[in-house]
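So that you can tell them apart, the chains are marked A, B, C and D in the order they are listed, and the count of residues begins at 1 in each.
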Amino acid sequence: MAHHEFEPTHFHVTIGSHEPVLRIKPGDSVSTWCVDAGGHDRNFEPITPGGNPQTGPFYVEGAEPGDTLVVHFDKMYPNRQTGFTGKLVAPWVVDPHFVRHLPYEDVPTPRPPRPDERYVDLWDLDLAKGTGRLRTARPGLEALQDFALDPMLGCFGVAPDRGQAISCATSGQHGGNMDYRGFRQGVTVYFPVFVPGALLHVGDGHAIQGDGEIVGTGIEISFDVTFTVDVIKGKRAHWPRAENETEIMAVGNARPLDQCVQHATTELMRWLEQDYGLDYRASSILFGQLIRYDIGNIFDPAYTMVAKMEKRHLPRKKAP
Amino acid sequence: MAHHEFEPTHFHVTIGSHEPVLRIKPGDSVSTWCVDAGGHDRNFEPITPGGNPQTGPFYVEGAEPGDTLVVHFDKMYPNRQTGFTGKLVAPWVVDPHFVRHLPYEDVPTPRPPRPDERYVDLWDLDLAKGTGRLRTARPGLEALQDFALDPMLGCFGVAPDRGQAISCATSGQHGGNMDYRGFRQGVTVYFPVFVPGALLHVGDGHAIQGDGEIVGTGIEISFDVTFTVDVIKGKRAHWPRAENETEIMAVGNARPLDQCVQHATTELMRWLEQDYGLDYRASSILFGQLIRYDIGNIFDPAYTMVAKMEKRHLPRKKAP
Amino acid sequence: MAHHEFEPTHFHVTIGSHEPVLRIKPGDSVSTWCVDAGGHDRNFEPITPGGNPQTGPFYVEGAEPGDTLVVHFDKMYPNRQTGFTGKLVAPWVVDPHFVRHLPYEDVPTPRPPRPDERYVDLWDLDLAKGTGRLRTARPGLEALQDFALDPMLGCFGVAPDRGQAISCATSGQHGGNMDYRGFRQGVTVYFPVFVPGALLHVGDGHAIQGDGEIVGTGIEISFDVTFTVDVIKGKRAHWPRAENETEIMAVGNARPLDQCVQHATTELMRWLEQDYGLDYRASSILFGQLIRYDIGNIFDPAYTMVAKMEKRHLPRKKAP
Amino acid sequence: MAHHEFEPTHFHVTIGSHEPVLRIKPGDSVSTWCVDAGGHDRNFEPITPGGNPQTGPFYVEGAEPGDTLVVHFDKMYPNRQTGFTGKLVAPWVVDPHFVRHLPYEDVPTPRPPRPDERYVDLWDLDLAKGTGRLRTARPGLEALQDFALDPMLGCFGVAPDRGQAISCATSGQHGGNMDYRGFRQGVTVYFPVFVPGALLHVGDGHAIQGDGEIVGTGIEISFDVTFTVDVIKGKRAHWPRAENETEIMAVGNARPLDQCVQHATTELMRWLEQDYGLDYRASSILFGQLIRYDIGNIFDPAYTMVAKMEKRHLPRKKAP
């Protein structure tokens, strides 16, 4: 149950079987930090190429293919006061005929944008109060002069199988760039383990983000992160799962959204059967009247949809 | 500002330019009732063929193509104590390889199911307390022996243009079978008017429904409904819009979900420009960090996605 | 086996249970004509509102729900020398980021375009030789000064069930606006019958059309059409089927294209089982190495995909 | 202009920046061989793990990011007499309700299948005549006792950027598992170069394959391959392009098919502008009446669609 302070010196823009930076044991926790999506540190200095650079990977002793890696996020919080965001909604989240009515001239392609004022909006954060302010005030956006933040991690996951190194622009069964605002402090995430040690990567802090990350960013900012790991031997999910105090969640990462729905719904049915003893008729009855879906991102090459149930509607978990 | 009590004698399973059953004026309200999706009345008697039969249409004096019809739902509530639901999630909301693990033998195709016990689950409602109970208890579903209802209307809308008569199985710019749980008592819905009188239809009450209506039904039940209409001359939306005390909502109806997202996001941008004076750069900034998406149904031929914003984040509405 | 000459006097822009214009018997043939998609006759005069106006419906004696209507197209050919086409590919068939690089200023929304020179390109046809010429020559398009036509019907079908009247902008199990270049002279099309008399509608001639109808039109032109009908009692397809001398084809109409693929593939498997005695293992073996898919349109609200097999790879048809 | 005989000793199941096996110069040609999708050599011996193992990568001197790699396939042909295929169409190419009617009991998940008789069908090839025979004859499949093969390569491409190693189960801008039957002997393929040397990989021979590769395989077989490379400096495509004697082709790899259409159509428009001087109005006119789309695969995580034009409809290429 050791606690590790880890100071990163290099970062990865893919999630893959990179050389581990630290070996930890089940029950251990790690305090570390992440650069922002563009590779800037707590001083807003560019120290590594952009593209959701990841801190890690962390090798978890005893995690083997076929196990589940448990990651509890004890803390995730911005560690500087300036963040940046994309300037316009993505052309694929509006009607095709409407695209030409949006002023895309200053929006670089491909995104996400670089953090200079031509390409982004800047935001000032009050980290003590947990609030944000759009730096350049605009008529009609008075509410953005003082509003509550909701910090979350956009991109994290474990090494995929077959030697793949998957871009941090996208996501899959290994996690990755899911951009789901439910991945906030206090959440516990479960990953299928594909390689020995699982190889956990973390990065891409958002001070806040709307559903879908439709401008290509949340408020992008460097983060301090503390997490605690565990391993469940011999139990493997197909997709990332998560829970907080009140809900359980299953994640589907794919395109189109319809396919995310399929992955997330199926994974939640499997979970309810494995851990709660509900057969598919029983989970159908429950889902029909009480399931909730949340959108992660609809910006990246793979979109993200989360299917979730409130714990108060579930039976007691089966004994392991 | 008259109040009308309307007793329906026949019902339509398409939304179209049918003979009006009542002519009303802007400001008038109507109290009436709807059979359930299967055509059963308050006594659970089958009085008309199933398929989301609609009460109406109501002709609103002065509503012309190019106007907006305003419908405020003063009341929507079940008027009997027994409801029914589909037995299994639809095969298209789970992974294709997973379909064969679901016990579809007793599920009729095409759905929605007929209300006899072989094909559906039955529910008993306590209308005074606003709670429901799954009639045949199942292990693990103890929470369903007493849970809060959340009544909503699944299918309603106005006559489409060009003489179309659109099946109540699906939805479009005219509304229709959207199955969105945000369409609950107290909501105000705005429809584009396509034909003189707008021709409002209402039906398909659900005592409660999960996101996506993924078993093909909410708890299907007959409803009492009271609504008040108004007309906004010379202003036309492209898609249904709605608001309640805290939120404004824009609806997109299509397949796949990605296209619903496009319609709903575009419509919300248009609305914010028309009524709140926010240009597309401003609404992009707002949406990037604060937009929310809700799923209506992912069961019907056209799916439904709702894009919404909290009113507290918006500026004051422009004077009309 | 009568032959009817039918002179249309009015047209429908939905396919539905409209008043029949002529009652015919199985074995009968009809020679008639259709206006172009914009409602112009053989003199390029606008005689009816645009939107793929249909000639008909024709009531086929003895056709009942559950039967199959057989329509053999003996002739379909342009009957005037000027056609028109849309000016630019639809914004949804190119990358969302690319849309703003296309000069959409003069393209009306919604389409299809009106036939004046500001909105369309005009074409001159040599009906004797079967060739076309782009009226306003453009550098690089020299090949379009003399090229072979391939006439086809874009929109035709039978009345859908439940009293629906479906817009001729779209398509479904009843047929409709499929815009498939395989529907050329000599093809035999099979429709499921939903209402007594089937109620056949025909219209929307194209002198030629590329895959996908991605500019929103083929070369739109008025047509002379001759067809012969028959009825197969007690046999019902789920989707339109077709055959010519060398191929059998099954049609899927939906969005997205992935869903068209599902409908068309399933329908072809059903057909091979019904008429050729191939179980699903056998048709899988055949499809894996020899199936072909053609795109109808990817422009309309519902897209169209055709799955087809060459007859030389099939066994002899079972005796009926 | 050297010719290299290359004998592979190991294979990769990702396409990435692996150690080059051979350095070649523009103008050089290479004769080599590939194992089949399951890792079996010309003796049907398993010599490497399955998953479309690739021969290579080949480092092409002088190819730099921003250039185009030209690969002309002088020869591609099976080098053994036994191939294998999947047993059933994928559940996602049929209607969701239809899935349970297919006998999937013996089909392993995930696929592609392993080559033992329980999981696959076996085929005997006559390499001199270029014909195939289904080993276990089935009633109704008599045509499969002697039919013409059409050999093609299913998976090949160049290393992607950012250090990615992309699974050979899928495809992208770098090429990969496109499974397009137009990639047959004599084709020239153009790839965007992402890394120095381009790093060409080749594998996954099919003796023949239907559109869509809907049983998860063509007739999988080991191949002899000869190719010649060239580099076009300072010219970069966004997606793979190809040409044969009569056609030019642009490839889009994504999900859903609608997005493949967007990529392929856009790429073909760009190509016609770059090399043939056609602006987007001109290519729209051409595409509207003469474009063709072919489906590559609709089985893999990313689908493949090809947009193509016949050369006889194009102007002369611009001087470089």
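One rule holds in what follows: a contact is a pair of C-beta atoms (placed from the backbone, for glycine too) under 8 Å apart; a residue touches a chain by one contact, two chains touch by 3 or more.
Owing to the predicted nature of the structure, the values given are computational and were not obtained by experimental measurement.
Trainee: So, comparing C-alpha centroids, which chain is the farthest one from chain A?
Mentor: Farthest by centroid: C.
Trainee: Between A-D and B-D, flag the pair that has more C-beta pairs in contact.
Mentor: It is A-D, judged by the count of C-beta pairs in contact.
Trainee: Taking the mean of the C-alpha atoms as each chain's centre, how many Å separate chain B from chain D?
Mentor: The computed centroid separation for chain B versus chain D comes out at 47 Å.
Trainee: Could you give the separation in Å between the centres of chain A and chain D, each centre being the mean of its C-alpha atoms?
Mentor: Roughly 34 Å, centre to centre.
Trainee: Using the touch rule from the top of the page, what residues of chain D touch 2 or more other chains?
Mentor: 92, 96, 102, 255-256 - these are the residues of chain D that touch more than one other chain.
Trainee: Which stretch or stretches of chain C touch chain A in the complex?
Mentor: Result: residues 90-92, 96-97, 99-100, 102, 104, 109, 256 of chain C touch chain A.
Trainee: Quick one: in the complex, what on chain D touches chain A?
Mentor: It is residues 12-14, 16, 51, 162-167, 254-256, 259, 301 of chain D that touch chain A.
Trainee: In their complex, what parts of chain B are in touch with chain A?
Mentor: 85-89, 92-96, 98, 101-103, 121, 134, 138-144, 147, 208-215, 217-219, 255-258, 261-263, 265-266, 269, 276-278, 280-293, 295, 298, 303, 312-315
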